Structures are given as C-alpha cells and as structure tokens.
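After this come two complexes, each holding chain A, first together with chain B and then together with chain C.
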Partner chain A sequence: MKRILSSITDGRGFDVGLVSLPLAFLFVLSGLPLVYNVVMSFQEVDMFSLGSFSRPFVGFKNYIDLFGQPETWPILLNTAIFVTASIAGQFLIGFGLALFFWVSFPGASWLRGLFLVSWVMPGLVVGAIWNWILSGDFGVLNFLLRETGVISGNIFWRSDPSYSLWAVIIANIWLGTSFNMILLSVGLSGIPKDLYEAAELDGANAFQRFWTITLPMMRSTIGAIVALGLIFTLQQFDLFAAITSGGPNNTSNVTQYWAWDLSFRQYDFAKGATISVIMIVFVMFASVVYVRSTRHEVRG
Partner chain B sequence: MGIRKYAMLGAFALASFSLSAFAASAEDVTIRVWSLDRDIQPAPNLIKDFNKLNSGIKVEYRQIQFDDVVSEAMRAYSTGQAPDIIAVDNPEHALFASRGAFLDLSDMIAKSSVVKPENYFKGPLASVTWDGKYYGIPKATNTIALYYNKDMFKAKGLDPNKPPQTWDELVEAARKLSDPAQNVYGITFSAKANEEGTFQFLPWAQMAGGGYDNINSEGAVKALDVWKTIIDEKLASPDTLTRSQWDATGTFNSGNAAMAISGPWELDRMLEEAKFDWGVALMPVPQAGAERSSAMGDFNWAIFANTEHPEEAFKVLEYFVSQDDRMFKDFGQLPPRSDIAIPATGEPKKDAALQVFVEQLKYAKPRGPHPAWPKISKAIQDAIQAALTGQMSSKEALDQAAEKIKAVLG
Partner chain C sequence: MSDTFRNRLMLAVALVLAAIYLFPLYWMYITALKTGSAMFATPPKFWPSEPQWSIYAHVWESRNMGRYLWNSLVIAFGSVALIAVLGVGCAYVLARYRNVWVDIGLFLILMLQVLPASLMVTPIFVGFSQVGLLDTPRLAVILAIAAKSMPFFVVLVRATFMSVPMELEEAALVDGNSRIGAFFNIVLPLARNGILVSAILIFMQAFGEFVYSKSMIQAVELQPASVGLNTFMGPNTNEWNNIMAYATIYVTPILAAFILLQRRIVSGLTSGALK
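Now for the complex of A and B:
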C-alpha cells in the first residue's frame, strides 16, 4: 500500500497519472467522436435517429452510394487542387516574407507582427471582404487588373466555373500566409549565425548559402508547416461559405464544405460522416508527416 | 416508443393530478417557445404581451439562429428536450410532420374559434399540411415579384406603367434596358447554389406546368432556357450564380440593374437607398393567360408531439393568431391570411408594392411539402447552375435533376 502511495506521489505512478489525464481528455473529446464518426459512416442515419446509438448497419452502402454520385470525383479533385495550391502559395509567399524580414532593417519585427492581423481575423469576415474584392462587376481585383491592362473584360471570379475554385484559393493564401511566415521566421532565427559566417569566409554566395544552409537547417520546420498547412486547409470552411457556397455547380465545392452541406443542409448525416472518414485518412497522413518532422525537436 | 408513451401518460396523469390537487396554489403551466425572431420581431413581443394576461400559462422564449433551427430542433427532439412550440421554415415543416414529431392540430383547429383554415392563403396553409392534416399554423409569409426602375423604363422608351407581362416581354425589356457602357444590367435575380436558387426558379417551372415532381417537363426546360438566355446575353450579371437575393437587389437599388426579382423584405431598404422611381409587378408568365405562380417563404408555428401541455400550447398559438393583424403594422411582416387587409403606410410606392405582393401571394405555392425537401432542392440548384454555366443543356440538366428527385421520391 505504502509502495503504491509513494509511487503516486513520487515515481512511476505520478508519471502515469500525469499522462493519463491528457490522454483521457484526448480520448473523450477527440477519440470517441472520431470512432463515432466512423461508425456512423456504416449506418443509416437520419435526424430522428441521431439521438440513439442503435441504428441499422448498412455495410459499405454509404461509400458505394457516395462514389456513385456524379459530383464526388470532381469534388475530390477540387479538394486536391485547393490543398496543393493553397499550401504552395502560402508557403512560398510566407517563406519569401520570412526571408525578407530576416534581413534586419528598422521596424522589421514590428511590421512582421502586423502581418499576423490577417491570421487573427475570423474566416467569415475575411470571406465577406474577399467576396467584395472578387465581385465580378464592381470588384477591386478586377478594377486593378483592368487598370494595369492585364485583362480587358471583367473576370467573374466567383461565378465562372473555371475561376471559382481559384477565387477561394486566393483568399485562403492571403489568410494563411502570415501564419507560415511567422513559423518560418522562428525557424530561421534558430539557425546559428556562425554557419553563415563560415560559409561566407569560404566564398559561398547568397544562393549557395540558401541552398546548402538555410533549406537543410529548416527541414523540420518546413515539414511541420506543410503538414499543419494540410490540416488547416482541409479545415477551411468559412471562405467557401462566404464566397462561393461551393458553386457554381460544385465547381468550387470541396470535401469539407460538402460534408457540412450533406449533414446540415440535406440532413444526410451518414454521407456527411462518410466524407469525413475519407478526409480523416488524409489528415492521418499529414499527422504522420508532422510527427516525423518534429521528432528532431523533441530529441534535440 | 412504448415506454416513452407510458412515461408520457404518467406525466400527464401526474400533471393533471397535481393541477386538480393544488388548484388553489394554481401552479402556472410553462410553455417553451423557440423561434428565430429578434427583439423587434413578433415572437418575443407577442409572448411578452401574452404573459401580461396572467392566463395561468407562462411562456418562456428562446431565440435560435436561422442556421440552427432544424439541427437544434432535431437534437432537442431526439433527446426529449424539445420545446413545446417552435417556428420552423416552411419547406422544413413536412420533415417533422411526416415523422410524427409535430402534433396533429386538425381537431383543435376544427374546434377553435380563432384559427380558421379558410382565412389563410392557400400556399402557407399547404405548407403546414401533411397527409391531409394540419401539423402547424402559418406564422408569416412572403413571396417574390418583379421590381422595376420606372426612370430607366422611360429613358429607354418603355412605358413605365406597362411592366413586362410575359417571359418574352421580360427578356425583350431586359435587352432594351441593358446598357453595359453605363454598368447597367437588364435584370437581377439569384440563382445561388442554396435554397435561394430553388426559391427563385421553382415559380418559373410551376408557371409553365412543371413542378418539383415534374422538373424536366417541357415548360420547366423552357423556363431554364429563358434564364440561360438572360445569363448568356449578359442581361444579368454572371455573379447571379453566387449572389444572394439581398445582394442582387442591392445592385438594383444602386441603379446597376433595371429590374429585380425579389420579395417584400426589400421594401424598406429600397425606399431608403433607391434614388429613382420604381414599381412592382406580378411575376411575368410564360404567355398571356398562363397560370400564375410564385414562391412562398417564411415560417410556420408547430407544436412538438411530445409536449406535456398540448392544450395550453395551442392556446398560446391561438393568441399569436389573434394578433395577426399586428403583424404588418408593428413588425413589418405579412400575415399569411387573406382576410386581413394590409393597412396603408402612407408611403405611396410601398403601398402600391404591397398590393402587388398581396395579389401575388394568392398564387404562391409551397416548396414541397416533402420530408426530403433539401435533397430535392439541391438537385434543382445543381441543374440550374449546370445549365447556366453552360456545362449542360437545360434539358440534360433538368433530366439529371428529375432522375435524382425520382430517387428521393421513391
């Protein structure tokens, strides 16, 4: 008895106790809903059976029905384009800005902080503002492009099937860039200065220093950012709701918006859950990348 | 279900026992009401007035957001926490009624001296009806009609007192009024990928003999072709596909569109913003003499089937109905009743417009009613957008929609 008690106050028991608390928290608030979601995707669910657990199991019917719908593949493709383009844009611009502010000049850190404002703004507000900017007839973006002579006629960003998805991507890149920049700035400032001094003495030019020092030293940060970016873009919902509602004709629809639409607009909770399960698979993949790339930090 | 029924019986017995036993202390019956009305809208004010009557029934009010009405309601119902009374959007009514979640009010309405079905417009009444029985009482109503800019009509040589009557005239007028150099489109409306798109398109299909269960009829295809002509010839902004009715009509108010299809909710803003003379006309029909139709919006009252106090809840609804004549005067909403005249506001443009809307309401048809309405609606939205973006012909798009709807209807 005494052994157990002392182990709890000071020893293995204490460690276990500390770990089990967050684990229980995670299990109840993340694990159970996740499992529940997977179970739901194999059931027949409607709004009146939402409150009970005993619902008829239908096997893979929801999955088969889902992939039988003509819009499913285009929406999955849209999601892939949205995620890839958003992450690429956010990362490249974010990295560029981080390198820019890394060069110390008066007000650099102050300005860098200001960039975070875009990250702090609620998605729906950002969406509403971009909704105006991207408006076809009176949008600011069209005005700028027209005045600079890039386009001759208005582009209907939100309503033209070939631009609608890109309209949301542009807004999302704007929204996520600052977050990328801040994380990358942190990564940059962690690189020891003496490496660069040594390289400079050896006659390496700026380009070589970037490729052989900056990039390799930033590998884990970059991995983490891309993985987080994947998760954040797969979460991005507000912009779709505010700018295109997934239209026209699903050309800007993505899985996360579709899952919501199916569950809470059409009350087809089983299909909504089914799409979520498909998304979970992708997020799992991202999580693995994230964990692997941040492993160094834990050990180091 | 069996257990729940007994539990309910037990609760009833207990309630009636306690009522009769402690009649002297007269515990008030509490009725919970949920609706989306804000403090300047009917529900909270009517409830305040009702509670002042001290009728032995105490009403508690909770405001819920538009987007949450259905999900909140079904969560509450399936966990046994439902309120006694709820206001639900009319196309969602059948969903609850068909599953027995709402109380059948037919008998109580038959006995009531306040609620009389013959006083209501056909459209709103149809939306609370399921299987020939009344599962609710219409709360308010609205519809859509054609707004037009009289000054622009004059400027382009059109008669401002002769708004377009038929689809052909509408398209012709839109062509004449459209003026890209001045940033003016002929017409504005909403074909958005949500319920608003269906709300705006369905009347067109219905006027031409189509309907949600007959969406690929010749008339409906023609209706969508007219829409397609309007979009293809840029008589309306391409952003019609992603713009809400409210935003679309905003461009009418700012003089960037010469006509607009929208509802009476626009009137106050238009009076304030529109710096020109405007009027409202009935929705144009396919050809002279064709059947009229229009959309029907707004909410219905309903009593949840598992309420412990159905009688008292109905009394509360009766009180709401008895105040219907205040709906417009105090809250600016149109009562769903044909026996209540809309009082003059003293604003000539608004009064003329309201007369047209009340006339249009006679032809308003509910969406459905069908328990799976959102799915039917989604099929229609997709078809509209597929055709208008040129990805499919109107016929193909509506055929596909009909296929999807057939699967829903079973």
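Now for the complex of A and C:
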C-alpha cells in the first residue's frame, strides 16, 4: 500500500494517474456514445423504447429505409456542395488575405489577428447577423448588389429553393475565412526568405516564384488546412439552425443538420443514429488525412 | 516609391479589407440602434439618425437576458473547470514522454477532436436520459462539452508544455522535490500563460455552445443565451433591431476579451493547430 502511494506521489504512478483519468473520462463520454450510436443504428428505437436498453434488433433495416427515402440523395448532394463551396471560398479568400498580410508593414499582424473575431463569435450570433443581412426585402446585401447592378430584383436568399443553401454557404465562408488565413500565414512565415532571393537572382517573376516556391513549400500546410476545413464544415450546425433550419423543403438541409432534425424534431432516434454513423465514418477518414499531414508536428 | 509611402498604402488597403470583412459586425451594432421604421427603410441608412440607446435595457428586461447569460456562464465555467482539471495533467504526460503509447494516445485524442457535436448528440442524449443525467440538464451539457472540447485543449496545452525545458524539472527533482512538488511548483507556473490562453479559447467556445444545450435543456429557466437567441428568432420575425441588440449584449464581452488578448490567443491557437 505504501509503495503504491509513494509511486503516485513520486514515480511512474504519478504519470499514469494523470493520464488515465482524462482518458477514462473521454472513453465514457465519447467512446461509449460512439459505440452506442452504431448499436442504435441497428435497432428499432421509438419514444417507448427510448428508456430501455433491450430494444429489438432489426439488422440493416434503418440503412435500407434511409436510402429508400426520397430526400436522402438530395441532402447528401447538398452536403457535398456545402462542403466543397465552403472550403473553396474560405481557402481562396483566406489565401489571398494571407498573401497580402505576408508583406510586412506596421500594424499588419495586429490587423490580421482582428479578422479572427468571426471565429470566436458564437455561431448562433453569426447566423443571426447573416440572417438579417440576407433578408429578402430589407437585406443590406440585396441593396448593395442592386446598387452595383449585379442583380435587378431582390433575391430571397432564405426562402428561394435555389439560393437557400448558398445563404448558409456565404455565412460559413465568412466564418471560416479568418481561421484559414491565420493558419496559412503561419505556413507562409515558415518559408525561408533566401529561396525567393535566389529565384529573383535567377530572373523568376512574381508569378513563377508563387508557382515554383510558395505552393510547393506550402503543400503540407495546405493539405492540413483543407482537411481541417472539411472537419470544420462538417461540424457546422449553428448557421443552419439560425438561417434556414434546413428549409425550404430540405433544399438547404445537410446531413449534420438532418441527423439532429430526425432525432430531436421527428423523434426518429434510430434514423438519426444511422445517418450519424455514416457521417462519422466519413469525418474519421478526413481526420486521418489531417493527422497524417501534421504527424511530424505531433511526434515533436 | 519610398518605404513610408508603401507602408501607408499597404496599411490603408489593409484597413479597407478589414472594414469590408468586419462589416457584418458593424451592421449588427448599427441595426440595434435603429428605430422600427429606420430599420426597414430603402435605401438603408448606414448611420443611425436617432440612435435608440434605451433598446438595450428594454431587450435585457423583456427577454430575461440576465437569466440566459447566467446559464451560459455556469455552463462555460463548469466546462472550462472540468476540462482544465482533467486536461492539464494529460497534456503534461503526453508532452513529457516519447513512446508508442504516447503516439497512440495522441492519435485517439486527435480523432476525438473531430467528432461533430450534432452527430454525437443523439447517442449522448439517449444514454444520458437512460442514466438519469437529464434531470440535471446543465451538468449534462457541461459533461458533453467537456468531452467535445478537451481534446482541443490537450493539443494546445501540450504544445505549451513542450516549450518548458525538462532540465528545470530535473533540477527540482535532484534538489529533493517529489514529482508532485516539481509539477506544481516548477512546471505548472512556467506553463501558466499557455494554459490560461487555451482555457479562454475553450471558454469562448462553451459560452456560445448551441447543439447540446438546445437538445438537452428543456426547461426555459436553465437555457443559455444561444438557445434564447434561437427562440427569439422565430420563422417570420421582424424585430431585427431587438434581435441585434440581444446579439450585441451577448457578443460584446467576448469581442472585448478577444481584442484585449488578441496577440496571445492567435499565437496560442496557431501553435496548437499546426505548428
């Protein structure tokens, strides 16, 4: 007994104790729900069997039913559009801004940091602001687009089925651009300056320097950022709740909102769990890419 | 072109870019001060002619914001306390050793970091309701947020511990300190700043958390401000000045804290996420 005690205060036991408690906590609150999710996706879960652990197993019925529903494929397509457009927008604008702020001038790093306010704000507040900016008759975005002659009539961003998904994408690009920019800035500052000097001596112009030095040197950073972008856009829920609620008629619905909607609006927990399992497998895949591209850092 | 001119030109362009990017924030503050009719004027006014300062007191009273913000604070402080107590030790051990087990632990933690809350909420909700945790819904939300955010905290704090030289701890051990003594007297004080910044980031996230609170807290008097804002924005609302006033009250403390601590937060964030 005494040896165990002294090991905890002054030996290996100290480390084991420090690390096992949080891991146990994560196992109970993340690991078990993960397993439970898979189990529920093979069960019949309704309001009556919600409280009991012994529910009838139904095999792949939930999966088959899910893909038999008419809205499933459009929602999967929406998710793909949402993810692709968001990542492309965030990355391109973020890269442009990062390149601009890379040129050092007084106040550059402070101003650059200021952009990150979009990222620390609660998602619901960002959603509320964009909901108002994108409003049809009185929205300021429609006003600006009209004044500059881009559109002639108002776009009803939130209620027009062909624009509703783009309303959320615009808000999400705004939200994520700053984070992309900050991480890309870190990557840019890691490129040795003498590479550029050498290229300049050899007569490479700015465009060539970008293609032959900046992009290749940033390859692992870009990989990590695109993977992180994928992870973050698949986590985006608040904007959907605040702007369109997945409507009208599911035209702006994506899987991560749909899973919640199935469980907590339609009380179909088995279907909610099923779509969650499919998406979690997908997210896990993205995170392996992310972990691999930052592996050198992780191992120190 | 002289250097000062170039610097001024760059600064001017940077200010314009920042102004465009931060316009939504400006629009929130301006809309809150507009009267009901000025809000729906075409063309919209970009400067309020008769600012309605009394709107804040009105919204605070009518939406019961004190209660909502109190609940947000309880949830945020609870989550940060739990995450800090559990996460600091974990990050320390993961930073101190290099072996296969540490690699496996880190990999698991990075994988847990990516699970979307809106997908995890279904099994967590059902599980919590079965063990009776939903009777104390704020505690349930704190536990769920802690499980969601702890991996991120561990990754950030581990980067801080990596920068504390191990020789200092070894010297303390040679001087007769126990492991516990060396940890609390030497290592922890040296890593204090990094831990604090990470805790603030986690606090900001937890303060705005929505999915878990919306799903697990049914009683209105226990709901946080994010759920309150969601309730306020009905499908066909036209009280946008009131909603923006609510958003202003909710978000201004976070923005103030961020601008004060900006430099530290940005460097802490980048050290953990990439390098």
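Please note the rule applied: the second predicted complex is superposed on the first by the 261 of 300 C-alpha atoms of A that agree within 3 Å, B and C clash if a C-alpha of one lies under 4 Å from a C-alpha of the other, contacts with A are read in each partner's own complex, and residues count from 1 in each chain.
The rule we apply is simple: a residue touches a chain if its C-beta (ideal position, glycine included) is under 8 Å from a C-beta of that chain, and two chains touch if they have at least 3 such contacts.
Values in this document were obtained by computation on a predicted structure and should not be read as measured data.
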Worksheet item: Do chain B and chain C fit side by side on chain A after the overlay, or clash?
Response: clash
Worksheet entry | Most chain A residues touched (candidates chain B, chain C) | C
Discussion item. Applying the document's definition of touch, where does A:F264 land relative to chain B and chain C: first, second, both, or neither?
Written reply: both
Discussion item. For A:L18, using the defined touch cut-off, is the partner it touches chain B, chain C, both, or neither? Pick first, second, both or neither.
Written reply: second
Worksheet item: Of the two partner chains, chain B (first) and chain C (second), which one does A:A242 touch, if any: first, second, both, or neither?
Response: second
Worksheet item: Regarding the shared-chain residue A:L50, is it in contact with chain B (first), chain C (second), both, or neither?
Response: both
Discussion item. A:V283 in the overlay: touching chain B, chain C, both, or neither? Say first, second, both or neither.
Written reply: second
Discussion item. Going by the contact rule set out at the top, does A:P74 touch chain B (first), chain C (second), both, or neither?
Written reply: neither
Discussion item. A:N250 in the overlay: touching chain B, chain C, both, or neither? Say first, second, both or neither.
Written reply: first
Worksheet item: If you stack the two complexes on chain A, which partner ends up touching A:D160: first (chain B), second (chain C), both, or neither?
Response: first
Worksheet entry | Colliding region between chain B and chain C, picked from 73-81, 181-189, 199-207 or 217-225 after the shared-chain fit | 217-225
Fill in: Shared chain A contacts, counted only where both chain B and chain C touch the same residue
50-52, 135, 137-138, 245, 264
Practice prompt. Give every residue of chain C touching chain A within the complex, in rising order.
Written response: 6-7, 10-11, 13-15, 17-18, 21-22, 24-25, 27-28, 31, 39-40, 42-44, 86-87, 89-90, 92-94, 96-98, 103, 105-127, 129-130, 143-144, 146-148, 150-151, 154, 162, 178-180, 183, 201, 204, 207-211, 214-215, 225-226, 229-230, 233, 235, 240, 243-244, 247, 250-251, 254-255, 258-259, 262-263, 265-266, 269-270, 273-275
Worksheet item: In their complex, what parts of chain B are in touch with chain A?
Response: 67, 70-71, 74-75, 77-79, 95, 99, 101, 183, 192-194, 237-242, 251, 256, 374-375, 378, 381-382, 385-386, 388-389, 391, 400
Worksheet item: Tell me, which parts of chain A touch chain C in their complex?
Response: 9-11, 14-15, 17-19, 21-23, 25-26, 29-30, 32-34, 36-37, 40, 45, 50-53, 97, 100-101, 103, 105-111, 113-118, 120-126, 128-133, 135, 137-138, 140, 143, 147, 174, 177-178, 182-183, 186-187, 190, 221, 224, 228, 231, 234-235, 237-238, 241-242, 245, 256-257, 259-260, 263-264, 269, 272-273, 275-276, 279-280, 283-284, 286-288, 290-291, 294, 297-300
Response to the item:
Counting only contacts in the complex, chain A reaches chain B at residues 47-52, 70-71, 135-138, 156, 158-161, 164, 243-251, 261, 264-268
